[in-house]
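A, B, C and D are the chain letters, set down in written order, and residue numbers restart from 1 in every chain.
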Amino acid sequence: MIEQDSEIIFNKRVAVDTFLIGLKSPLVAAEARPGQFVMLKVGRGMDPLLRRPFSICGIREENLILILYRIVGQGTRIMCDFRKGESLSVLGPLGSGFEMPHKGDMPILVAGGMGIAPLIFLASIMEPGSFSFFAGFGSAKEVVATDEVGSSGLDLSISTDDGSAGHRGLVTELLENRLAGFDGKTSPVVFACGPLPMLKEVAAITLDGVLSCQVSLEASMACGLGACQGCAIRRSSEQAIAYYHVCQDGPVFDVNVLDWGAL
Amino acid sequence: MVHPDLRVKIGALELKNPVLTASGTFGYGREFSSLIDLDLLGGIVVKGVSLKPREGNPPPRIVETPCGMLNAIGLANVGLESFLKEKLPWLQGLNTAVIVNIYGHTVEEYGAVAAGLSGVKGISAIEVNISCPNVEQGGMAFGTDPDMSAKVTERVVKETDKPVIVKLSPNVTDIRKIAVAAADAGADALSLTNTLTGMAIDIERRVPKLANISGGLSGPAIRPVSLFMVHQVVRAVKIPVIGVGGIVDYRDALEFLIAGARAIQIGTANFVDPRASLDIIEGLRIFCQDKGIDRIEDVIGTLKI
Amino acid sequence: MVHPDLRVKIGALELKNPVLTASGTFGYGREFSSLIDLDLLGGIVVKGVSLKPREGNPPPRIVETPCGMLNAIGLANVGLESFLKEKLPWLQGLNTAVIVNIYGHTVEEYGAVAAGLSGVKGISAIEVNISCPNVEQGGMAFGTDPDMSAKVTERVVKETDKPVIVKLSPNVTDIRKIAVAAADAGADALSLTNTLTGMAIDIERRVPKLANISGGLSGPAIRPVSLFMVHQVVRAVKIPVIGVGGIVDYRDALEFLIAGARAIQIGTANFVDPRASLDIIEGLRIFCQDKGIDRIEDVIGTLKI
Amino acid sequence: MIEQDSEIIFNKRVAVDTFLIGLKSPLVAAEARPGQFVMLKVGRGMDPLLRRPFSICGIREENLILILYRIVGQGTRIMCDFRKGESLSVLGPLGSGFEMPHKGDMPILVAGGMGIAPLIFLASIMEPGSFSFFAGFGSAKEVVATDEVGSSGLDLSISTDDGSAGHRGLVTELLENRLAGFDGKTSPVVFACGPLPMLKEVAAITLDGVLSCQVSLEASMACGLGACQGCAIRRSSEQAIAYYHVCQDGPVFDVNVLDWGAL
C-alpha cells in the first residue's frame, strides 16, 4: 500500500456520464489484485475534503491503473474535468480483493452499473471462455463497451432495465437463467458487484442455492485504511465485535458472513 | 543554519516534536505504518479505549460536509483487555510517545480504565475524553459540566501514575470554566477541542444521514472555533494546552502554537493525506529555519494582542 | 403539474415563500436591488439596528476560513433614527416582508429600539439579536443566559405590536434552554443560529487576523451545527423556528425545512452569489414540482427518525 | 452592475507568476470605467468560498474585460489553471473609479506591482503623450510588458527594487523626480495604485506638496456591494460614521479623505 501523486495519462468518456481514467501509478499497479480499490484525492481545495473510493478496473502496461467511474456528485464531477498531464494523489491498493476461483469452478461474474469495474479486472486475469460475465445497465447509452476499457474480446452478456440493449430486465435474471443451466459437473462460483438491491438479490439467489458467492460492497469511507471505523457493516454472526469494516475486511465479502437483513 | 529544535514539553511529557495524531483518526497507529515512518511523529493518541469492548453505532457512521465531516462511530473499540493484549505490544515497539485516549460511562469506569493503564510500559500519558454521554447523569455529557469534569479528572489522576491530559468538548457556553475545573482537579494538561455536534439530512429519504441522527463535526471547517477556544483556555489556566481541530498544514499548526498551544493534534487531515502529520513536522522545521528560529518553543504563545 | 404553493406562515407573519435574507449580509436590501428582483424574496432581514449609530470595529473586519468566513463588523449601523428616515422609505416600496434586526447593550436599549419601530408601516416583524455583549452584566452575552434572554424578549414584546423573532446564538451548551426561555417570555418565533465564535491568526505577523481578535464564523462550514440546533429546538418549543446557517443551495434549505424550520435565511451565500436566495426559491419550486408536492408546508418537519 | 457567467477567451502568462485573463462579459465591459473592479468566483467547490476582487485592466473589442493578476494564494493559483472556453462568474463593475483629470492637468500615473492594472485602463483612455506613467516592480522578471496586455505604444518608465530593469529603487523616486521638474504652468495630478507602503509614500509626497492625488486601495472584501461593511477604512475627518467602505466609497479615494495614520 502506498500514497503517491500519479499522472493522468488519459481521462475519456466511455458511456453517458461514464469515464475511464488512466493513472500512472507503478507501485499501486504492481501490487493490485482484482477487487481491491484506491482512494483518490479529487478536490483541489478542501471541498470536497475526503478522498473518494474507486475499484481498480484494470492494469495496463505494468504501471497504469484504470478507474471506471460515473458522475454522481461533486467529486466525480470534478474528476471528469481532469486532463492528461495533471496529477492526482492515489492511495492504494486497499482492501482484500476477490478470492480467485479454484480449478474446476465455473465463475459467473455479475455486475450492475459501475459494479462492472472490479469484475473487468477479475475477468482480465482469467482464462477467456472459462467464465460467464453478465452486466446490467439502465439503458443502452450507459453500456460500457469492453473494448473501450481495454478489455476487447471479453464476452459479455448485457441486460438493460428498458431493453434498449441486450436482455430486457434485471441482470439477476441472466444469473438465474445461467444457474438453471448447470448440470452439477462444475460448481458455479459467483462474483458480484453493483448497487445494494442487486446484491441483495444475488445474495438471496446464492444463499438459497448454497452457492459460493463473493460480493464487493460499498460504504461511506473516510480513511480507507481501517483506522476510522467509519465504513462499518453488520456481520451475520453474533460476536463481540458486530461489524466488519468494508475498507479493510472487504470490500469483497463472502455472501455468508454478512447480515443481509441489516444492509 | 543549525537544525531547529522541535522538542516540546507538556509538563512531564517530553515530545520530539509538537505533532501528535488525534484519537480516533489514526487507529492504533499500525494502520498507517506501511505509509509513513511513525517514529518521526511527536506522538500517537490511540482510539478511545473503554473498559469493555464496544461495537459502536450502526452505519452510516460518517458523512462529508463542507470542509469537514460528521462522525458517529460510537466509540467502537476493542476494550481495555484486548487493547493491552493485542494492540499495545506493537505500539511498544515504536520510538514515539503513545498516549492512550480513554472514556467511560461513569466516573468509576473512567477510573477503572485509568487504573488498568497505570504502570504499563510504553504508555506516555492518558488522554481523558470527557465529551461522551454520561448515563448516570441522565444523558448530559461530562464535558459540559464543570463539576462532573472535575470529578472524572480527580478520579483518573488518582488511579494512574501517568500524566493526565483532559480533552475538552467545544459544545459549551464557556470552555474556560471546564478548563479551570479540570486543571484544579489535577489535570497535567488539556487538549481541545473535540468535535462540534452537528447533523446532516438526506433530503430524498428525509432521514438523518447518520444512523445516530447527530455526529461530531471535524476538519478544517471547525478550525476557527477550536483555535479561539485554545486562545481562551491558554489565558485561563496554567497547565499546558494541546490544540486540536481542523489542522491540515503547518500554517494551521503554527496558528495554534502561536496562540499558546504547546503541541497540536492532527485528526481528519490523516484521512485526506496520510502524510499530513509528517508534512506538518517538516513544514514547522522549514519555517523555523527560514525565520532563524532555533527552538519551536520560542514560537509558542507569541501572539501579539 | 400545478404551481406549488410556497407560502409559509410564521405565526402571524405570512411570507410568499420561506426564503429570507439574513441580517448583516444583505445590507438594507438596496445594495442588491440592481442585481435581483427583491420582490421575489420571502423577505429581507435588514442589518442590525441600534438606538444610536455605531461605527463598528476597526479593520480588518473579515477573513476567509475553510468553507466559511469570520466577521467582526462590530454591528456598524446608521442607528434607529437614520434607519427610519433614510433606509426604511425605500424598503417600504418593496413588495416583500421587511424584518428589522435589532440589538442593544442593555435591556432598556432593546426596548427603546423596539418601541421606535412599533407601529411603523412597512415593517413586518422584529428580529432580536441577543448574541451581543451585555455590558450591564460584565460582558457576558445575553444570548448565552436563559434569564437574560427572557428579560430582553419580554421587554421587546412589551414595547412593540410587531411579531417578535428572537435570534439565538449557537455558542451555548444547550440551546434548548435559551429557546424555551425566549418562547416562555413571549417570543412569536425563533431564528437560529447566529455565528459561532472563532479566530484566525496571521502567522507571519503573529497577530489575530481580525482587529477584534475573534469574530463570528458563518458559511457552509457551520451548517451541520446550525441544522442540529434547529432540529433540537423544533422539538423543544411550540413556536415557529427559522433556520439560518451555511445554506447555499435549495438542498441545504430543504434540510432545514425537513428538520422543521418554517422558513430559512440566507447569509454568507449572498456574497458568493448574489442570486443565491432566488436560486433557492426556484430550486424549492422545482423540487416540489418534481415530487408532486403541492405546498411547501407539506415538507416542513417531515424528518423521519 | 451585473452578475454574469463569462467565458474565458484567453488566460496567458505575461510575467513571472503574472497572468492576463480575458473574459467575455459584454454588460460589464459596457459600463466599466477605469478604477472600477470586479469580483470573480474562482473556486469550483466552496473552498475558497468568497469572490476575489480584481481591478479592470482594460476593455477590448467592446465585450472583453481584461484582468491582470498575480498568483499570491489559493484563489489566484486556481485562476491561473483556468483555460480558454471555461467560464467564470463575474460581478461588476463595482466601486467608484477614478475621477478623470481636467483639461490642463498633467496626470502622473504611479503603479506598484499589480497596481498597474487599473492605471493601464486609465492610460488607455487618455491622450497618448499627455501624461507620465511610472511603474515599479520587484525585478525585471516581474515587469509586465504593456504590449503583452494590449496597450502597445504606452510610454512607461520602469523602476525595479534590484535595478534589473529601469531605474534602481522605488517608483516613488521616479514620481519625486518628475514633480521636481514641474514649472508651475501645468498642475500635476497623481493617480496611484500599489502596495500600502508605496501608497503611504505617495500620500506623504502629495499631501506635503498639496497636490491633487487619487489612490486606489485594497481591503479584504466579502460582498463588494457595500452590504457587509467588511471593507472598512478609516476616514480622516471626525464624523458620526468613521469609516468608508472600500468597495463602494472607493476603491479610489482622494488622498485627503483618508486617515493615513490608521492605515
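Rule of thumb we're sticking to: a contact is a pair of C-beta atoms (placed from the backbone, for glycine too) under 8 Å apart; a residue touches a chain by one contact, two chains touch by 3 or more.
What you see is a predicted model; the values in this text were computed from it and never measured.
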item	value
Smallest count of steps, each to a touching chain, taking subunit A to subunit D	1
Subunit B and subunit A - chains in contact with each	C, D
Centroid spacing, where centroids are CA-atom means, of subunit A and subunit C in whole angstrom	46
Subunit B-subunit C separation of Cα centroids, rounded to whole Å	34
Whole-Å separation of chain centres (CA-atom averages), subunit C against subunit D	36
Sites on subunit C at which at least two other chains make contact	66-68, 219-220
Sites on subunit D at which at least two other chains make contact	46-48
Chain contact graph, described as a line, ring, star, complete graph or other shape	complete
Touching residues on subunit B, where the partner in the complex is subunit A	24-27, 31-32, 34-35, 47, 53, 55-64, 66-69, 71, 73, 76, 78, 219-220, 248, 268, 270-275
Subunit B - residues contacting subunit D, complex	66-67, 220
Subunit C partner contacts - residues on subunit B that touch it in the complex	65-68, 70, 144, 171-174, 196-201, 203, 205-208, 213-214, 217, 219-225, 227-228, 231, 246, 251, 254-255, 258-259, 302-305
Parts of subunit D lying in touch with subunit C, wherever the complex brings them together	1-3, 41, 46-51, 89, 91, 219-234, 240-243, 262
Sites on subunit D touched by subunit A in the complex	43-48, 74, 78
